[in-house]
């Protein structure tokens, strides 16, 4: 499938992206007018959330393809993307909660996007646990595919319900996680970091899919060995 | 449903330890995942190599 | 036509079996009573506090009791290869799913109809006059919860840790449904105009549609080996 | 004397059951490693093999319950998994478990089966099969109170509810009393005359040998023997069977 060349290329690009992202995030972009320096965490938090939504979208698409065509490659991508999605979501929530501490004085507030992301994290942790518990690989893949599809379809509904629920409690305050102003150089920092994390996601995906391919290769070798 | 904390606007608190904490945590998390994936892959590739050598011996 | 007949046959069979020994119904009823009873101690016996959080407490009791009933619905089929027998019939898989959904929905709704008066008695609230409106919220909520529950109980039936996995998969997925049901019930209990509950009703109907369509399309893959 | 051609295919009508290089893997475990099998209408094939030889897996693939990993299987004119749900209507099965609902009564179980099979006015059909298996008196009693022999007979009655083109029996002799065994053999003969193809998987050499037209031995997922019954005797076949290391035959 994708050879080692692509993996190495993505790896190098990801590193370059992350370094420039750090540079723009810390030095190039000015501190936020309202939130001050702490807003720089957003250059980590926002890209992580957006890329994890993308990762779960990839799970959604490859799960449908797996149910339709039953080819191992789609399952390998779905499983890998879900795993990376869970990692990115967990880190995003950690960053968001660390951001909340100085800003709101508490580690956790029921902010709409933070809550939605946490629910998504729970759903896909369930996905990974389900995959780990089912011993027959093809059944595990099928169950995963179904849960991946339903989990992703649930996202818009979760978001709407949480946003409605939130607005009932606290009118949208300026201090919500996310760039409060749209100053151009801040946007540069945001988009550089976003590109960096997309590359990182690609790198992890290729690397993790190669692990899945090796696992299937091992099963196939055992098949031939025993045949 | 849960009282909302007073918003102190992050004025007096020194934000830098929090910023560093967030970035460090992310770096550590990503690195650990990278190491775990490559470790698992190495182990798998080693198993495949031994299995292939084993089947090559029986084939001769 | 034979599709509906098969759905009804499955539902009738399960409800008859449930009525015969009433195992899971009595377990659910006892559990519900226990949960309602504990609310009092959990909230320090402060009646106004409990009345204020009543819609949340009600749905907490509904959801946890339902999980108990859902796990048993597929469990009953695992003895004596009955699930295999069911799948060997020339019936489409969707009929089996809808049959099981109808059973789960009925059992959960009956338990809810028992919990409502129980709650009213224990915490001295007048639910009786608002029952029709309460049901207008409870029915779509129960449909969605039973639909997701039926699908996930079929998925987790064979697993080793199924008793933990079912709630772990079911609750995160149904959070928007439970959220809407709680807010809708709150509107009814506070006596506000029903229009306030309509957005939550729409959200529940949206959830029900998504979960039902997705379940009907994917159920056959779950039971296939 | 009807002799099969080189590939063991019976001349005359299309085979009721035909598999080509059927393979099934459960995770890393090879249940079936390439099975080529053919059963004509009106023929009974007895399939012998120890536990784990793959008998049950083969029957469940033919019944449309399990997807094969590789190879093809055609049953009652449809390819397995492709014929849609109605294809399973022509297939009758008896499995390890009696597949009855313990809390329901005998007639309720049969009524449910009839509804699922799409039979109309099943009332007198149910009474008829209950009479045939001698459970008329137990019609109203809950299955939980029946003996295991009676439960097997009720499972047989469920199979008799309608004519089948293909009958798949997995260890049908297990926990059958003498009278029930006679009933089963009568049913097999009647179905054979009716043109149904039957595959009977069993440990029980004597019973299987007695009723079969053709014999096959399955060992670790492969067909190691296939032949006509009248070309061999019970003793010769028993010797051949133990040759393949299938000791511990269950009487």
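Here are some notes:
When the chains are written out, they are named A, B, C and D in that same order, and each has its own residue count from 1.
Everything below uses one rule, namely that contacts are C-beta pairs under 8 Å (C-beta built on N, C-alpha and C of every residue); 3 or more make two chains touch, one makes a residue touch a chain.
Values in this document were obtained by computation on a predicted structure and should not be read as measured data.
Centrality annotation: C (chain centre taken as mean Cα position, compared with the mean over all protein Cα atoms). Chain centres here are means of the Cα atoms, and by that rule the chain farthest away from subunit A is D. Chains joined by the most contact pairs: A-B. If you average the Cα atoms of subunit B and of subunit D, the two centres end up 53 Å apart.
Annotation: 31 Å between the Cα-based centres of subunit A and subunit C. Mean C-alpha position of subunit A lies 13 Å from that of subunit B. Inter-chain centre distance (subunit C to subunit D, centres taken as mean C-alpha positions): 39 Å. In subunit A, 222 are the positions where the chain touches two or more neighbouring chains simultaneously. Chain contacts: subunit C has residues 224-225 touching two or more partner chains.
Pairwise chain contacts present here: A-B, A-C, A-D, C-D [touch as defined]. The residues of subunit C lying in touch with subunit A in their complex are 148, 151, 155-156, 159-161, 165, 168-169, 171-173, 175-176, 179-180, 183, 199-200, 203, 206-207, 210-211, 214-215, 218, 221-222, 224-225. Interface residues of subunit A, counted against subunit B in their complex, comprise 22, 34-38, 40-41, 44-45, 48, 84, 87, 90-91, 94-95, 98-99, 101-106, 109-110, 169-170, 173, 175, 200, 204, 207-208, 210-211, 214-215, 217-218, 221-222, 224-225. Across the complex, subunit C meets subunit D through its residues 2, 5-6, 9-10, 12-13, 16-17, 20-21, 76, 79-82, 84-93, 224-225. By the touch criterion given at the top, residues 25-28, 30, 33 of subunit D touch subunit A in their complex. The part of subunit B that touches subunit A in the complex is made up of residues 1-2, 4-11, 13, 15-16, 18-19, 21-23, 25-26, 29-30, 33-34, 37-38, 40-41, 44-45, 47-48, 51-52, 54-55.
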